[in-house]
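Both complexes shown next keep chain A, but they swap its partner, so chain B is in the first and chain C is in the second.
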Partner chain A sequence: MSAPTVADTLRRARRGARWEVAGWVVLALVGLGAPYVLTLYQLQLAQQAAIMGILALSIGWLLRQTGQLSFGHAAFYGIAGYGTAYVAEHASLPIGLTLLAGIGCGVVAALVVGLVTIRVPGIAFAMLTLAIGMLVWVAGGQLHSITRGADGLNVSLEGSLLGKDVVMYGNPVDAWPLVWGLLMASVAALWALSRTTWGRRLASIRDNEERVRFSGYATYWPRVVAFTVSGLVASLAGTVNLVTTSFISLETLYWSTGGLALIVAVIGGVRSVLGPPVGAALFIVLQNYLSGSGAHYQAVLGVVLIIVVLVAPGGLAEIAARARTAAVVRVRHRATEPAPPAPARDPLDAGAAPSTDTAGARRAAAR
Partner chain B sequence: MLQLDDLSFAYGSVKAVNQVTLEVAEGSIHGLIGPNGAGKSTCIDLVSGRRRPTSGTVRYRGRHITDLSASRRRHLGIARSFQRISVYPTLTVADQLDLAARLVGEQDVDAIVAALDLGQCLSVTPAEIGYGEQRRVDIALALVGAPDLVLLDEPAAGLSREESIALADHLAALVRDRGMTVVLVEHHLEVVYRVCDRLTVLDHGAVIADGVPQEVRRDPQVVAAYLGRSAA
Partner chain C sequence: MSVQVLNGLAFGVLLLVLSSGLALIFGLRGVVNFAHGAVYMLAAYVAMSLSGRTSFWVALVVVPVVLAVAGLLVDRFGLRYLVGRSPLDMVLLTFGLTFVIADVVQSVWGTQAYTIDPPSVLAGSTDLGFATYPTYRLFVIAVGLLACAGLMTWLKFSRTGLFVRASSDDRVTAGAMGVDVDRVSATVVALGFGLAGLAGVLAGPYLTLSPAMGTQILIITFIVVVVGGLGSIGGPMVAALLIGLANSITAVHAPTLSAYVPYLLMLVVLLLRPQGIAGRRTAL
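Presenting the complex of A and B:
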C-alpha cells in the first residue's frame, strides 16, 4: 500500500464535507416551507431569530476564524441601517442600489475600524471595539438630523425588490424567503470561505501568528479583510432589519445589540457556522415564552450561558457534534460486533432450516 | 552565505549576545553550541528576525537583512524551527504542511513527509500525536519550500538519545539532498558531532571557539565552559 500523501488526506477530508453540504441544502429547502406550518406570530419570531442569527453569525465567524472578540459589531449593523435610510431619503436610487449603498456604509466602517484595531491583541481588541462602538452610538445621538435620536426613524422604502414591492417585506410571510435565504446564503458563504486556502490561513494565524510570519506570510491584511467580511455580514443583517421593520432607532447602535448577538453565538457555538443562528433561535424562543415574567428570560439566558460555558464550551453545536459522534460509534460498534454463533445443527432435525434468532442459537448451543 | 558582524543583543542590562562574529558557509551544517544561557537561541532569533540586535549586522548572501521582517527573510530563503514546539494546534498536519507549501511554492511536500516519517499523522491534529511527532512537524514546517538556510533550534529537545540520533541522521540526509545550509543549535553533543561540518561555541553570549568538530571538542576553553574550569 502506498504511503498517504498530503493531497490525498486533504481530498478525503473534503469528501467528508459533501454530506454536510447536502444536509444544509435540505435544511434550506425545508426552512422555506416555514410560512406553511407556522402562525403569523411564530413566523415573525422566526424572522427576528434569522436576522439576529445573521448578526450573531458575523461575530461568531470572526471569533472562530481569527480568535478576535468584537463588541463593536452593533456599529456596523446600525450604520448599515441608518445608511440605507439616509440614501433612501436623500437619493433617488433604485431600491437595490439603495440597499447596497447602506450595506456599503457598514462595510466601509468595518474596514476603517479593522485597519485601526486589528493589530491590538486579545482582550484589548475587545475593549477597543467596544469603545469605538460606543463612540458611534454617541455620535448617532448627536447627529439628530440624520438619526432622529432616541425617537427613532420611520423609513419609507420604495421600489420593487425581487419582484415584490419592497413595502410587502413588512409582512413576515412575504419577507421570510428573503430573510431565510440570506441567512442560509451567509452561512454557506462563510462556511465555504473558511475552507478556502485563505480561510485556513486565517485559522493558522489564529492558532499561531508567529509561526505564520516565520512561514513568510504577513498577518495584518488577512485579518483586516476578515474583519471587513464579518462587518459585511453584520451590515447585511442591519439592512434586512430595516427592510422588514421600516424603522431604526439608536438602540441598534448600542453595544448591547452586538453583545447579545455575541452571547447567542457562544450559546449556539462558534466552532460551527450554524451554531450562532441556532443560538439566536433559542434566545428568541426563550424570550417569547418567558416574556410574561418580566426580565426572567434574561436570568434564564444567563443560566443557559453558564451551563454552556461550563459543560460544552463549544455550545449547542458541540453538544450536537458529541451526540453525532456517539451515535456513529454506536452504529459502527453494532456493525462490527461478531455475529452470533451459527446454531448447531440438530442431527435429529437434519432437514430443518437453521434458526437465525439469538435465542434459537443459544438453545441450539445449549443442547 | 551568512555573516554575523559584531552582533549584540541585551535583555535589559544582561548581554545575551556579545559582539558575535561568525560566518556560515553555503551547503554546510554549522553547529552553534554552548552551555545553557550562552546566547545560542538568541542568535537564531536575531538571524531569523524574531528579535532586532542592539548593535551589529546580519548579512545574508552579502545583503544586509538586519532590519527585515521575519516574513521577508522567509521569502529570501531563511526558515527556522523553534525551541518550544511551534505548530498550529487545531489544524491537521496535512493542512499545516499544505498551507506552508502553498506559501513558498513547494512542489514535493510528500518528500518531507516521507523523510520525517509523518505519513501516519497527516489526518490528525498535533494534540493527537506524540511529542516526537510534533517536533518533526515543527521541523517539517521549516523545511518546506527547500529554504536555502534553515535555522534549527534544538530539534532534538525532549527526545531520547536513540530518537535524537535517528532524527539527526534523517535531517542530515534531507538537507544535504535538498542542498540546504543549516545552523543547528543543539544540546545533544553526540548529535552535533555526528552531523555538523563546523562548530561555533558560545559562552555568556560571546564566541569562545570556532572550527571543525574534532578541534573544537579538544579546545580547553570549550571543555571548561561545559565541565568547569577545573576540568580544563
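Presenting the complex of A and C:
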C-alpha cells in the first residue's frame, strides 16, 4: 500500500466537509422544532443562549482566524443595539431598514476600530480593544440623552418583519425561528468564509505575518475585513437582542459582556465554528441550574475555564475531536491488522497546539 | 492646586504599587495578569475583616504575605504548565481566576459598598504649611513610595534581582547560564500578588470597597503598564504618577473629559509608540 497522495488527502477532507455540512443541516432543521418540545421558560433560555452564541461566535471566529483576542466586541454589540433604538425613535423608516441601519452602525464602528488597531500585535491588541471598548462605555454613560445611562432604554419598534408584527418577537415562540436561523446562518457563513482562499490567507497571516508579506500578499486589508466581518456578526447579535427584549442598558456596552462571551467561546472551543454556540448553551444552562442553588455560577465558570485552559486548550470541541479520533483509530485498528499512522493534525491548527519545545515557544511568542 | 497634586500623588502611588507587580509578572511570565484587580479587591476585603478583629497594622503585614503565598501556588499549579503555549492561554487562566475571586468576595461580603475608617493614629489631617491634608493619604503616599524604592533596590542590587532582570530580558539564555527560571518566576509572581495585596490593604480606608473596585482599578493599571512600556519597571512607575495626576487635575478642571483621559492616553500611546514610554520591546 502506497502513501496517500495530496489529492487523496484533499478528497478525504472534502468528503469530510460534505458530511459536516449534512450534519449541520440536520441540526438546523431539528433545532427549528424546539418550540414544540421545550417549555416556554426553557425556550427563553435557549433564545438567550443563541444570542450569546452569536456574539461568542464573532469573538471566537476572530481569535481562530486571526489569532487576535478582542475584549472590545461588547462595543459593537451595544452600538448596534443603541443605533437601532436611536433610528427607531428618530426616523420613521420601515422596520427592515431600521434594523439594517442599526447593524450598519456597529459595522462602521468595527471598521474604524479595525483600521486603527489591526496592526497591533498580540496582547497589546487585546488591551487596545479593551481601552476602546471602555471609551465607548464611558461615552455611552455621558450621552445620557440618547442612552438613558444605567436606567436603560425601553424601545418600541413598529412595523412588520418577515410577515409578523415586530412586537410579536418579544415572545420566544415567535422569535425562535428568527434567532435560531440567524445563529445557524452565521455559523454556516463563517465556516464557509474560513474555507475560502481569503480565510486560508488569514490563517497564514496569523501563523507568520512576515512570511506572508514577503510572499507578496497584502496582510493589512484581509485582517481589517476579518475584523469588520466579526463586528458585523456581533452587531447582528446586538440588534437581535434588542428586537427580542425591546430593552437595552449601559450594561451591554461594558467590557464584561464581551469578556463573558469570550470565556464561553473558549470553553466551547474556538477551533470549531460550532464550539462558541455550544459553549454559550452550556453557560446558560449552568447559570440557570446554579442560580437556583446559591448562585455560585461565577466561581464554577471560572474553574471550568481554568481547567479547560490547562487540560484541553481547544475546549469542548477538542475533547469531542479527540474522542472521535480515538474511536476511528480503534475501529480501523480492528479492521486492518497493521496499525495506521496516527492521523496528522490539520497544519493550520499546529500553531495553536500545545508544544513544549523552545521552537514552539518561540513560534507562540512570535504570534 | 497643591491639594489636587497631593490627591493625584496618592492615587498615583496606589497605581504605582499595583502596576509594578503587574509589570514584574509580565516581564517574567509574559502574562498580563487579569486577576491582579481581583487580588487587590480580595486583599481590601480581607483586610477590612481582619482589622475589625485585630488591628489595621496586623492586616497590613499579614494580608500581603498570605496573598504572596497564594501567588506562589498559582504559579506552581497554573502558569508553569502554560510555558511555551500561546500567551493568550495564560491571559484566559488569570481571567478565570478573576471570576472565582469575584464570586468568593460576593458570597462572603455581599454586594454592598463599605467604607472603613483609618486607624486612629492616622485619622484626621496634618498641617503641611501650604495645606492641610488627610493624614491617611500621606501615609499611603509614604508606604507606597517606600515599597517601590525597596523593590527597585532589590532588583538593582540583590542576586535574585539580577536573576529577575536577566530572566525577563531573555528567558532561554538566563536558563542556559544556570538560572533556575521557574524558581525566579515563582518568586516574582508571589511578589506581584503580594504587592497587589499591599495596594488592596492601603486602598481600604482610602477608597470605597465594592465588588466593582477590582475591575475599575485593573483597567487603569493596564493602561499604566501599557503607557509606561511593557517589560520595563521604571516606565510604569512614571506613567502611574502621570495618570494619577492627570486624573485628579482633570476631575476638577474638566470633569466631563476626566473619564476619557486614561483611555485616550492609552490609545494615543499604543498607536504612536507601541512600546510605551520606556519599553524596550513592543507588547509581544
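In the analysis below, the second predicted complex is superposed on the first by the 321 of 367 C-alpha atoms of A that agree within 3 Å, B and C clash if a C-alpha of one lies under 4 Å from a C-alpha of the other, contacts with A are read in each partner's own complex, and residues count from 1 in each chain.
One rule holds in what follows: contacts are C-beta pairs under 8 Å (C-beta built on N, C-alpha and C of every residue); 3 or more make two chains touch, one makes a residue touch a chain.
Given the structure is predicted, the values throughout are model-derived calculations rather than measurements.
When the two complexes are overlaid on their common chain A, residue A:L310 makes contact with chain C while staying clear of chain B. When the shared chain is aligned, chain B comes close enough to touch A:G216, but chain C does not. Contacts of A:I132 after superposition: chain C is touched, whereas chain B is not reached.
In the superposed model, A:T197 makes contact with chain B only, not with chain C. Once the two complexes are laid over each other on the shared chain, residue contacts for A:T9 go to chain B alone; chain C is not touched. For chain A, the partner touching the most residues, choosing from chain B and chain C, is C. Legend: residue contacts after superposition of the two complexes on their common chain; A:G302 is shown touching chain C, with no touch to chain B. In the overlay built on the shared chain, the residue A:G122 is in contact with chain C alone; chain B does not reach it. Touch criterion met: A:N208 reaches chain B, while chain C stays clear of it.
Interface residues of chain B facing chain A in the complex, by the touch rule stated above, are 48, 50, 69-71, 74-75, 79-80, 82, 86-92, 94-104, 109-110, 113-114, 119-120, 122-123, 141.
Of all residues in chain A, those touching chain C in their complex are 63, 67, 69, 116, 120-124, 126-128, 130-132, 134-135, 138-139, 141-142, 255-256, 259, 263, 266, 294-296, 298-299, 301-306, 309-310, 313, 352, 354-358, 360-361, 364-365, 367. Chain contact summary for the complex, chain C toward chain A: residues 30, 32, 78, 81-89, 91-93, 95-100, 102-104, 106-107, 172, 215, 219, 222-223, 226, 230, 256, 259-260, 263-264, 266-267, 270-271, 274, 282-284. By the touch criterion stated above, chain A contacts chain B in their complex at residues 3-7, 9-10, 12-13, 197, 200-201, 203-204, 207-208, 210-211, 213-218.
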